[in-house]
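Okay, so chain A shows up in both of these, paired with chain B first and chain C after.
And now, the complex of A and B:
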């Protein structure tokens, strides 16, 4: 009994191993890695600058203080709220420091110099973000709180961007060059990802229902869709170009509807095909898991088959169906990036242009919003699924 | 039914091997796809060499990510690493929302063009399924055999080696299988950053409007993915059988 008590008090005094590990990584990043990279233009290799060289001490010291505070809270703090708030503070401080360094290193009016965040800066941001996520998870937020947290984070980031805080950083310089196309490409990205998702849901739900009702159909359908998934995306995009071009040439109506070999049509068809497997499989699985007793009871109450499907089976299978839709949505957002290769537009345009020009900032301009979009979609759908599960329980 | 499946797989393997070794035999099959008179079979490199390079990158990345992911999975399921388990699980879920192209694109600034960014992207993307399945497999080991092993006086590392890992092995292999299949497809995107592989064939087709090339690269990659999936499945079943006997 005595030994247990001393063991517990010791474990309370012991520093948090996770906080200690992230503190060590952050300290190495701060002391040993470049904080920003200074480039004479957008494609030449840059000159790495460490934290001390990038910032004057009147800016470096407050940033270091905030970082030290969040590190102390992470290593020794017991309250999850304290750790969350200090970690978010550290995140903001590092981002602000990078923005300030870019502002200081760019002569006024110069649009050619590029100041990009260095490895140390990215690593520090990652450490702070991990601390914040860990603390937030310990608070066990419900679905509404998670969505609220996402909205606050996106809102704060969006506000910082719209007020021009990061305008001197290289990625935003690249944005300024491409600003006239950015919104259109982002919108195109969403249209492609969500449009093909909607089409896939409309087709895959009935197909999943049929697979559930006719067991002999299930295995061949699923293995066919499995094979579709193994075709590499750039090949499927490419293969679809020929038949759609032929269709457009042969059927004037198709051409009038904007169906062409190059552009959105092959992208939507390919994304649609990739979307089928997760939704069909999850629909069939979700329907299969509905308890036969519930269906029997409904039948006993005199409900018709259509009423049972709409009132009992589909609602009970909904979480599984939504889980399939979540997989598809995230997959589509990622695959749409590749659709830029066949002229479909979307944020992938910037990624591939950047790869072509060896302009890393342009790659980031396409890749970072894609990642943010995928992560936000994942959080939203997770919250939706959990709230349905909770309302059941 | 099983015999038909086996025959189909064997036929697929034979077709793939023939196509890679003597692709010109298939010229008449692909000729209708490019009426412009361009070569019907990819002629800018040896298909077999490209396929082997493709497989090489995928396997190297798979081995590296399996070693790292299994080690991490073991660490976070020990008592000492328990503090890292929730965060690492969230990280894995978060990582899966990362589009593979984005991983590839972000690796280019770090290491330049060529095989390296592809290797990094495949390694990072392959970590996730293996880690997830290692943790799930180790967590699912029932308490009875562990208690028995403890009663027999086994040390923690002996328990890990002779009880926990063998029982979790089928799950771990399933994770490896998933990550390999995803990576065979993702590796084709690597050719946009100048990695050697079958993606080169597809990209050459896209650039010269030659659908025959696109189809060849796509079919070969798809077949490799399906066959690898089946091969690892066979390995998995064999391991399951021996681990059940032991």
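And now, the complex of A and C:
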């Protein structure tokens, strides 16, 4: 009971609050929620199986050990590296356990039974992922380290998929059925999201510059774009159908170029319109923040207006502009999913087909890659912005 | 040489600079001093045409500045502003190299010039060339600003409140640097300031401006002894004008060759030849000596200064 002992026990016993919370959630998920759901086919409600029932003990015990280790590290671990490695281990162990359960529960050759990850499995994966992200952020990785981490994570996941580790899980069963279309729809998704982004950048940068140079235009332009931003996406897709259909009917060239009331044209137009506000506003703000003294000095030394814009203003506004582009990119990847509703294609096709067939695995086949794309794009652009910021401030 | 002739700037009905004329001799420092709103900054900015004159003209070494494109004119004129205006995304070396790059100098010549200027301004190129402006102190940033203005060997440098943001010790150092630059390169300098002490310390000539007009363009001592306008007296101050006058004379100018008739006993004060009479007087008062030996850099006695001889210099006439 002396002071030294108290101090020591305090430093040992103070648990990490996030680690403790996630440990509690994980324990409930493991003990009380189904780990996998067994379904006779892809649309009927299934039979929930808990962790013990889903796996034989020779597989369950090692997985539980890894999970316990990462939980212990999360609650009491001091080293962020230890927490990161054990969290990633936990993530891999839970994923492997789900794959093994699906493998074990599916009779050989049967393609009708579906083994879907249950609520417990998803919660455990989410807990482990949160722990890994939290630990990684504590390490304060630089831009290069972040991109490297992303590449390693994607590489490891991709390798597991290509080796067929998850082939018996329900989502991969859906993939197997739709494999002939998946790559094309994913590519279409990227085309729609990045194509509309590129068009928006080409249009919004000059518009942002104009808002900066002519302050009287700034408020009306931003208000107008704000109104566009508030139109619900489904409504905007709908609103665009009539005029584009009319355009297609009236102008043969437009029809020849593939512009129709439904399909890619209204989707790209709508995504383009949604992209304008963040880029225009951030461009104007970034330019406004450039030090007036630097511009005055540049002019006084004989730089031309074009040289000032290219050499001083745009480079200094670049981090703000990229932050706007980052918002738009993630927004577009998400919104493109809805564009499938008007026949534009993309990963949203699977989502809406899945909803129509009440096949939740098909919904996930569209939704999970969309989330992965958005996260990866966010990490890459963050790294780019930070590498620019670091080189100067 | 800068010849300013009836230079005028009017915005709408307001005349900010009103028919100002004066000539800045080659290699001299002219300080334009005035209260805020006196038009002194506008006057300066008309020299490099950051502000286009409404009337009148400026000739630099005989060439009318209106006869060439403004951006080409500015590349021949150094420009330093308050808060230095360094480019935050470029290194010290890149900042200094701005105008030589615009002029298309080759890389070797630029590198040599950047190194020379950083050394002149006591910024070791090995330590500072690749630093970014935010990694420097305020005084160092200001010196980089001066180096950048001098980079393309301009015959004329314009400075708009260049030392306004610096603390007194750093400011005195920066003023010394400027005098050294002028001595070394023979640059013609026009400085705008509202600080009368700065005007007295730097100026070969001082132009006092008020409400767009130059009230007096003269040597600093003449502003004290023959003020052309009550405003000049008000600006230079009355209380310490005798001491101001002393601060404008150097010891070597006044020292007499013969030692005082009543030679000082004990430790005689020794002062450097370039000390101002004000500093010598202060030294004599402090040490209690009736006279000081004026010595050169090697310590040889050049002459003598007595308190009485110094006081004689402080009289108005």
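Just so it is clear, the second predicted complex is superposed on the first by the 381 of 393 C-alpha atoms of A that agree within 3 Å, B and C clash if a C-alpha of one lies under 4 Å from a C-alpha of the other, contacts with A are read in each partner's own complex, and residues count from 1 in each chain.
Throughout what follows, a contact is a pair of C-beta atoms (placed from the backbone, for glycine too) under 8 Å apart; a residue touches a chain by one contact, two chains touch by 3 or more.
Predicted model only: the values in this text are computed from it and were never measured.
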Report task. Return first, second, both or neither, reflecting whether A:303 touches chain B, chain C, both chains, or no partner chain. Result -> second
Report task. Quick one: classify A:293 as touching chain B (first), chain C (second), both or neither. Result -> second
Report task. Based on the superposed arrangement, let me know which partner A:112 touches: chain B (first), chain C (second), both, or neither? Result -> neither
Query raised in the report: Which partner does A:351 reach: the first (chain B), the second (chain C), both, or neither?
Result: first
Report summary line: In this superposition, the partner of chain A with more touched residues, chain B or chain C, is B
Report task. Identify the partner contact of A:312: answer first if only chain B is touched, second if only chain C is, both if each is, neither if none is. Result -> second
Query raised in the report: A:144 contacts which: chain B (first), chain C (second), both, neither?
Result: neither
Report task. Find the residues of chain A that appear in the contact set with chain B and again in the contact set with chain C. Result -> none
Query raised in the report: Okay, in this complex, where on chain B does chain A touch?
Result: 33, 80, 83-84, 86-87, 90-91, 93-94, 96-102, 105-106, 108-109, 113, 181, 184-186, 188-189, 192-193, 199, 202-203, 205-206, 211, 214-215, 217-219, 221-222, 225-226, 229
Query raised in the report: Mind pulling up the chain A residues that touch chain C in the complex?
Result: 291, 293-304, 307, 312, 315-316, 391-393
Query raised in the report: Can you list the residues on chain C that touch chain A in the complex?
Result: 48, 50, 71-76, 79, 81-89, 98-99, 102, 132, 134, 145, 148-149, 158
Report task. Write out the stretch or stretches of chain A touching chain B in their complex. Result -> 16-18, 21, 130, 133-134, 137, 227, 230-236, 238-239, 241-242, 330, 333-335, 337-338, 341-342, 348, 351-352, 354-355, 358, 360, 363-364, 366-367, 370-371, 374-375, 377-378
